[in-house]
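Structures incoming, each one as structure tokens.
In what comes next, chain A is part of two complexes: it sits with chain B in the first one and with chain C in the second one.
Let's turn to the complex of A and B:
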């Protein structure tokens, strides 16, 4: 564990100093600060729009950070040859990969915590109340981004960063719309059985990212979760299951890869 | 003496779309003994770094076998007692010299700030311990690299071009450190094409070219075969004619004799003959064979019969 922790801590240190990530974070924070103005401009209920916009901004910013942070992680280590010094020490490849992944997740946690804190503060200043759903929703986003980071780390063991960016980003987008698509196709009379099977297979293979969007009042207006703690536990377990599969697959590929 | 590194027919083949299968390392038989400084020489692309990477378990051999300190390559027990300084190393730039050493130390389970401090002192970086790596010069980065390679008190060090691109002062500092490693009983495996440096510090060398070992042995054995130049005046033409042989070059004009002969021949017989013929010996200059000569000779000939000594 000490090896994984050392690599993770170094990864966090490096991530929080990467200019491109800090710029993306800064843009996210700036957009959060202008959210109250957008809420006032909207014809819909101000609070709903404000919450929806802020949560959307946190999710979008976190997704971009997760992708940019992870797609370069392994290729950069190889290109800069830092990996050689590490692997020449008593460090197994799986420890290295897990260390990089946990480092990425920790860095994401830090950045998302900052955005959530800023969001709660802005909402408090604007509305004079603390909205707990604005804290709960980013917690689900964090599981979602950890899953996205695992997808990107998996691909980074065998594809280039650019391809990985579009591949992982594509899976995130498809995974975000797949569940509603499956429902729509299931209800539609014109859908052929083959199409239904195809979409079912796709929805099984591609992680369902839409399960983590439930708290956004714009995306899911009026949606109520009957048993929140049960739902949160289940989607977290689901996410961890996929993360586990992706990391094991990534380790198996990385273990045989020539670096 | 036990072998620190031993390879038997170690081969690494890469597939190339244009050239088909290319043996980057080809049936490599290498023995490095414990406690010596071993120079692994070869031109760019000869297979030096690939060999080191295989020995470190970073890449996998296509065929053949190798042991490092008596264990199979890739064995984590070996990784506890070896270290590696890559060519043109890059370290995490946001870290200070001290943080970098602490990070690498933690990978061995070593949490000893004093040890890190001592190593920084050893490589003359104690005063720069709190500077970030981005503020370090190339020479300083190389020295902090050497410090990190000593964290685990290694029995065997792999140094890939340790003096590449450094100024003469940094060269001298690194060379002194490497000699110190040998005095401390460590085995040092240096990959380099800085021949004068290697000639100064290495006990044995191997020359690799196109993935194959072309020559391997102790430096004094490999560098046998120097020449002696004798210049004399007032020598008779009869004497000049009498000393001609296949491996000796003789030039004679106006009583001046210039002889270039292998140092394996005894020059005293010729010197006595010159003196007894009333000749005057002007100079006797022994010309030692240099590693550079051997290297160029070996690489140019591209001999495939090994040439192991």
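Let's turn to the complex of A and C:
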């Protein structure tokens, strides 16, 4: 466990020193600060647009950070040959992979916490109220991004960073429309049974990122939701299952890979 | 080593089964109910991939807001067609934008007209579908229920029981504005449910008195109370004058008393239709009532147009918003304004071939008069449901059960309407249709004189 923790801590240190990540974070924060001005664009919907834009920005920025952070992680270590130094010590490959993943997740947690804090501050300045409900969506976004990081880490064990970026990004986009797609097809009379089964299979195989998009009732208050914490727990467990699958698969592949 | 791999594979399989079970049994049903931006399917057909992408990256409300601002400029320039896809897109991106639903519904229902400002009523089922969708997406507020009710009450102006249904749903919402609650009583009256209308007025009055007592400084409360007192007063007088109270006593006093609706008055409807030019018809006729305000509905439609009742479309036939009305169908509705006991209206459909395509072979021209849609001073004579009205030839109690309406229809062919073949305008015959009782009228100087209403005994 200590080994994993050491690798994770080093990964966090590397992540916060990477300029490209800091620039992405800075752009995200800048976009958050201009959100109040954009809220004026819609009559009677200022607060809705403000909340929707800020949460959207946090999600988008976090997704880009998660991808950029993780796609280079393993390939860079191999390319710079630093992996030889690490693996020559009493470190197992699976410990290395897990350490890298947890490091990425911790770095993500840091950056997302910063964005959430800035969001709450901006909302307080603009609206004069502390809207703690705005922190609920980023909490699930964090689970979502941890899952995305697991997808990217899995692919990084056998594909190049550029291919990984588009592959993981594509899976994220597909996963983000799965629930709306299943919902729409289920209700559409014209959908063939084969198409319905196909989408069901797809939504079982591909990680369902749309389950984490819980911002709707936060942006539009008035909707009554019962036992919200139960849902949050369920999707977190779902995320953990998927992260487990991806990490185990990554370990199995990485174990056999020649470095 | 082999055992370790097998263990890991088993672990993976267990996780896979676990996530699948969790997703399908617990997560997706809850997500659909509580977190989906669209409560139920909106149908995303027609959205471009880039528009879909905006939605995916979590900027739905932002993009929707910008699009709606863009739509505003189209309203200013009168580019109404361009607004339709924006309405669809905005409501899909952000189904909580009630203003867009309400404005969109009004736009679709009211703004598409021909050169003479006749509404293209083929759009109304879509407008209603948008209202229904808006209500489904925003069940916590009264607004879309009220707006949909208003569309039935004001635009369709016939099936008032449907207006009542929607206004009642609006009343169930806690944010319903007190001043708007009066409209339900009006709808009850127009639906012929007079007792319920009076009962509601009493309830509203009681609530208004309480509000004034609690907050005497709020001018709006006082204003609302005065409006209710006035409405209630007028209604009670009408209930007595129209014989409603006497009739419900069942003691014979209605039959012997002097009430406005007793005996029923013969409106003496007759009509003559001439296809004066291709796609231009002239409708003349008689209506034996002097007070201003009578409008007889004339509907010209494809004989096989899907309708659920006479002189109307099947307004509520769809729940899906289709912004493209049936372009191969013709449905024209006009109100014939009665002046000095006659009506004479030329309806020119030649300038709007997209609204009146005349692609079918056979057409029906319907005449319909329902006292429920009449202004109150006419209703004073005819009653809420036509009790005080009759017509020797065209009184009908079947096309609108429970009501006494005037209804008749005539058949026309495409050749007649387009003046083709034996009906050609050069040397052909002129298509003329008449009701049996139609009598040609001589012109007189009085034809341009509108005589001031006189309720009791008017036209007799």
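FYI, the second predicted complex is superposed on the first by the 249 of 259 C-alpha atoms of A that agree within 3 Å, B and C clash if a C-alpha of one lies under 4 Å from a C-alpha of the other, contacts with A are read in each partner's own complex, and residues count from 1 in each chain.
In this text, a residue touches a chain if its C-beta (ideal position, glycine included) is under 8 Å from a C-beta of that chain, and two chains touch if they have at least 3 such contacts.
No experiment lies behind these values; they were computed from the predicted model shown.
After superposition on chain A, the partners chain B and chain C are accommodated together without colliding. Touch criterion met: A:208 reaches chain C, while chain B stays clear of it.
Of the two partner chains placed by the overlay, only chain B lies in contact with A:86; chain C stays clear of it. Within the superposed three-chain model, A:180 lies in touch with chain C and out of touch with chain B [touch as defined at top]. Panel annotation: after superposition on the shared chain A, the angle at the CA centre of chain A between chain B and chain C (CA centres) reads 160 degrees, nearest 10. Contacts of A:191 after superposition on the shared chain: neither chain B nor chain C is touched. Within the superposed three-chain arrangement, the count of touched residues of chain A is higher for C, of the candidates chain B and chain C. Of the two partner chains, chain C is the only one that A:238 touches; chain B does not reach it.
Of the two partner chains placed around the shared chain by superposition, neither chain B nor chain C is touched by A:113. Closest approach of chain B to chain C, taken over C-alpha atoms in the A-based superposition, is 12 Å.
The residues of chain A shared by its contacts with chain B and with chain C come to none at all. Listed in rising order, the residues of chain B touching chain A in the complex are 53, 56-60, 76, 79-80, 82-92, 94-95, 103-104, 106-109, 145, 148, 152, 158. On chain A, the positions that touch chain C within their shared complex are 38, 41-45, 48-49, 51-53, 55-57, 59-60, 173, 176-177, 179-180, 182-184, 186-188, 200, 203-204, 208, 210-211, 213-217, 219-220, 222-225, 228, 231, 234-235, 237-238, 241-242, 244-245, 248-249, 251-252. For chain A in complex with chain B, the residues that touch the partner chain are 2-3, 6-7, 10, 13-14, 17, 80-82, 84-92, 256, 258-259.
Residues of chain C touching chain A in their complex: 5, 8-9, 11-12, 15-16, 18-20, 22-24, 26-28, 30-32, 34-38, 40-44, 52-53, 56-62, 64-66, 68-69, 94, 96-97, 99, 140-141.
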